[in-house]
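Before we start, here is the structure in question, set down as structure tokens.
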């Protein structure tokens, strides 16, 4: 059994880790920390866990995380970097769900996240935990930077095209939409029910932290300089993420060949579902599951430019976009089948 | 007092016309038809109107619409074209909220709407009822083709740029999102609460009827051939529409000059609110009102192509996107101030 | 023109007052205060008001409210009691939307609201602003205690029965459901979208502040001792309140006579809609309007006790349940027709 | 492996059975029928099942259900009664999720469901499938009448009190609230998103089919004549049911003793969570899981009648209220641990 610790279990990625790990056959939940909730049974905060998780939150200084085999950081940016060095030194693997190790470039990190990086020596070693594009590296990693939710969809949608060299890498557009849980479990007016229900808006259009992460990762798959316009929006739903991607084709290629590019790219990936060409994936088809689904479209109607490709990508932002992906990485790091404990079927309706 | 008739008052654009016209100071609601609901008091179907509208639905053959000064068609496509000729001949003005007269090109209409056009001789005369781009023609019109909801946002967002010749007309993208009421009041599984709540999806990506309408109208404002990718999505909210528009700048122009283009274009338009550069308009800021709000963004972050412009446009799809716009046209046609009866402030929260 | 001041305009009852008063034909908005938002244009906080309200928030000490004819307090409990004496002394009428003057009994107030009452000498004079039960007193009032949202529905549902002496006053049950906006515009985890959407729960079942207010008011209409079980619930909708009231009939009385009791009681009340016996009022039929609708039911099916009466009552909690009712009181206090500026039709859908 | 057939798999209880049974370790999904969708892969209708369920709908006459060990009927009322006799004769167990066998009294069935009963000889044998109150009978049953969703909550909330004889059985009130999925996957205007979102209403107040079922079952646990007022409401959420139960205590009994009654009654029931006295269970704490949670309250505030007890009960209407309960019965019928395949933790948020 893998002994698992969770740092910062009071947010949505924390409770989602608990939901997944509590039924994972090879895991023993060992410790969960929260400075504010020291002594509170986890199930008192999240009644969905009553009778299923009997852990109690511990203050960070009251628990020895080096007894764990792996520690997940479901914390704000900046926490993992301060604790990872000691844990790694003690032989504990680390999976950070925040951004501390996502950007290889320290100054880019500090520019976007507005805090100094306290463990820059680990940036090179950290493995970007997107198994579909990085499986072998994940298997042997000690330290995982779990991808952002948006970047997961954008990368899995564009990379097969970039690799094949059939699109203009310099004019990519990602019009992305996220459920409100992506904003986290923080008391803020903007995400109150009365503010965000029956409403739709864009945010961060002039600049979002997920852009540099996405661009840096996409750049690995093409020699052309990547240019990306990324526009996030807030959807009045709890979970779910839908990215509508636009790319300009630069080569003659028919729809069957495009479809084949994707089917090939993900033929060994149990959690990527390449739907038939022209499908319209719905976010709810992934609600609560670790699946990401995508489909290609080529608008060729009267008036549409003939060389545009539209890729629709959906996932549950808290599962494949966060905690499920982290568990998927853990499985690979410990030599388990990638899908262990992640076979939940989406809740529909 | 303007005597008003409504054909087909049982859908959402019908009840919205009633909400607006019941408090319009210069209107007398005279007749409302419904084949199925003959004899039913309108307020029995829509209890929001109890005590405020005492009309009763009449079967079409039981009411003489030629007594009206103006007749609104809040009907499926195909109805207005069959009744408009007779009404016009009797001196009654006609405002069609469906698509019968939106496309000047008969064959394009028949291709997209799959029905033969029975009044093609009126296509030329019909005036496209988007007052902000067509005010003088609306004033003298006998027959108004009220624009589609999506096309209203796309045109008001792109036209100032096309007119100024600063963008590439051939590579426009409109990533549009609509509340569910846009699908109408029809018993269908896809728009059930349990199917569309807590869910997000694109639809009609390979081709949507609003594309030819939008392209034809945009083409009026540029000599370059218009190319548009239009991607509609369904948002789990009742009312509201958000179009995220992408255009490639082809001229050097700074943000202040871009902003000025829009402020200038709409300086006489009470229902278009050009928000400060970089704003994020919310759909709820227009809920129940006839306002359309828009804002410009220029993503210049690391990794973004420097020449892209993003225009965010919001409206209430049932008001400025349908019934409110129709009333706005009526006001102009009858020499009233454009804003008469349309001063409702959006419901927030 | 009535010069109106608003103290505390940054909450939902504040912005709702602005929505209503901005189009009120006899009102001039004169001042709005907010300690935190001093200097901010109101329309910057609430973009729904852009172009319609050009007031700017002022710190309380920067504005002389005694220039107003009437001041509304849309503040937390405790503010009105501290400022009302001075305003009243200066001849300004006061309408408090909070609870400061709702309970005649000072110690009951202090027990439930946990603050000392600083103006107990005004408790006797304050008029409970429920015009349907108290119209004449409202007309001549200087100081109005605007009722709580829940108590408005419970009183208007039970009073005709209590007055007639046909029910057991000692065993009343009010199972009440409110939209989330009733919790106000405060940054709290419990009312985040991700916490309260797609969810339903009761709260405060062991004791809610609206119970003593309701019981005290109901007691005015019966000699029997009133006993009330009040159970509030949170509904995942923004606006709307539905109270399901249960009473045990103690007299033989048929349905027509019961219906007549209500139609009679409210025959002069434009804002109470007594629907046909057996109707099911929907909250949305009042969304954005000042209407309260109610209907009677008598479950006589197999297995149901024959003497139970069910009364269904709906309103918009922010309009008839708060700001609309306050404006209704203002109209009466200034000799205007009760419905002035309150003729908005509910937004449906 | 238990060979399972499902009749009528295109509704919400059908797809929910598939979600549960597809990961049940002792089940092999063998056949699923649908007259309309013959030949359609199940996963084409429900993309949440892509890659997990590769069954195809078959017309009823194309599949031999007698090869199954058990057949679930997720059909409208009337179907199971027509097919059960033949299946039972062939040694196949039957679990009906509709109402065909819920009422022992044939004429009561025919009165409420408006169809003649074609298998009345099976009414006596059919076992009411509420394991918490009927576990032993379920174990040996051939034919299960799976309870209605509302009756499950009302019975589990009232029965411990009725058994103990501490409440007045003649004046029970159940104020119940259901998510919209309870209305099924039928194209109807009333449950469209635009009609039922941001709205709340009661329905069927004068009489609902679940009342006779509930009363008949409750009657088994008391000698006093049961009287029940049952008031269902529609909540704008997909899944979830909350019943607020009111009972009048007729004996002196303190809160601890009341709590003990419930803890005792359900001490062997893994799917009933008796929360601490005074808790407020949320529906989302059961979303997607087979748990039912309940809590007791005794409003003793000023003004409340001292002898009233309030019981709050929540469940997921599609799981414990339908398909999960059916699988729970199946487990018992086949000698499996009751919780097999039903350990899903609720999705929160």
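As written, the chain order gives the labels A, B, C and D, with residue 1 at the start of each chain.
Throughout what follows, contacts are C-beta pairs under 8 Å (C-beta built on N, C-alpha and C of every residue); 3 or more make two chains touch, one makes a residue touch a chain.
The structure presented is a predicted model; accordingly, all values stated were derived computationally and were not measured.
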If a chain touches subunit A and subunit B alike, it appears here: C, D
Per Cα centroids, the chain farthest from subunit D: B
Selected interface, B-C versus A-C, where C-beta contact pairs are more numerous: B-C
Separation of mean Cα positions, subunit D and subunit C [Å, integer]: 38
Centre distance in Å when subunit A and subunit C are each reduced to the mean of their C-alpha atoms: 45
Inter-chain centre distance, subunit B versus subunit C - centres from mean C-alpha coordinates, in Å: 36
Numbers and ranges of subunit D residues touching at least 2 other chains: 12, 179, 181, 185, 194-195, 197-198, 236-239, 281-282, 284, 287, 349
Subunit A contact footprint on subunit B (complex, rising order): 108, 170-171, 173, 175, 177, 179, 194-195, 197-203, 205-207, 211-212, 214-215, 226-231, 233, 235-240, 242, 244, 246, 248, 278, 280-284, 287, 297-305, 308, 310, 312, 314, 349
Subunit B residues touching subunit C - in the complex, by the definition given at the top: 12, 15, 19, 22-23, 46-52, 181, 185, 197-198, 238-239, 270, 273, 275, 281-282, 284-289, 291, 293, 318, 343-349
Of subunit A, residues touching subunit C in the complex: 12, 179-181, 183, 185-189, 191-198, 236-238
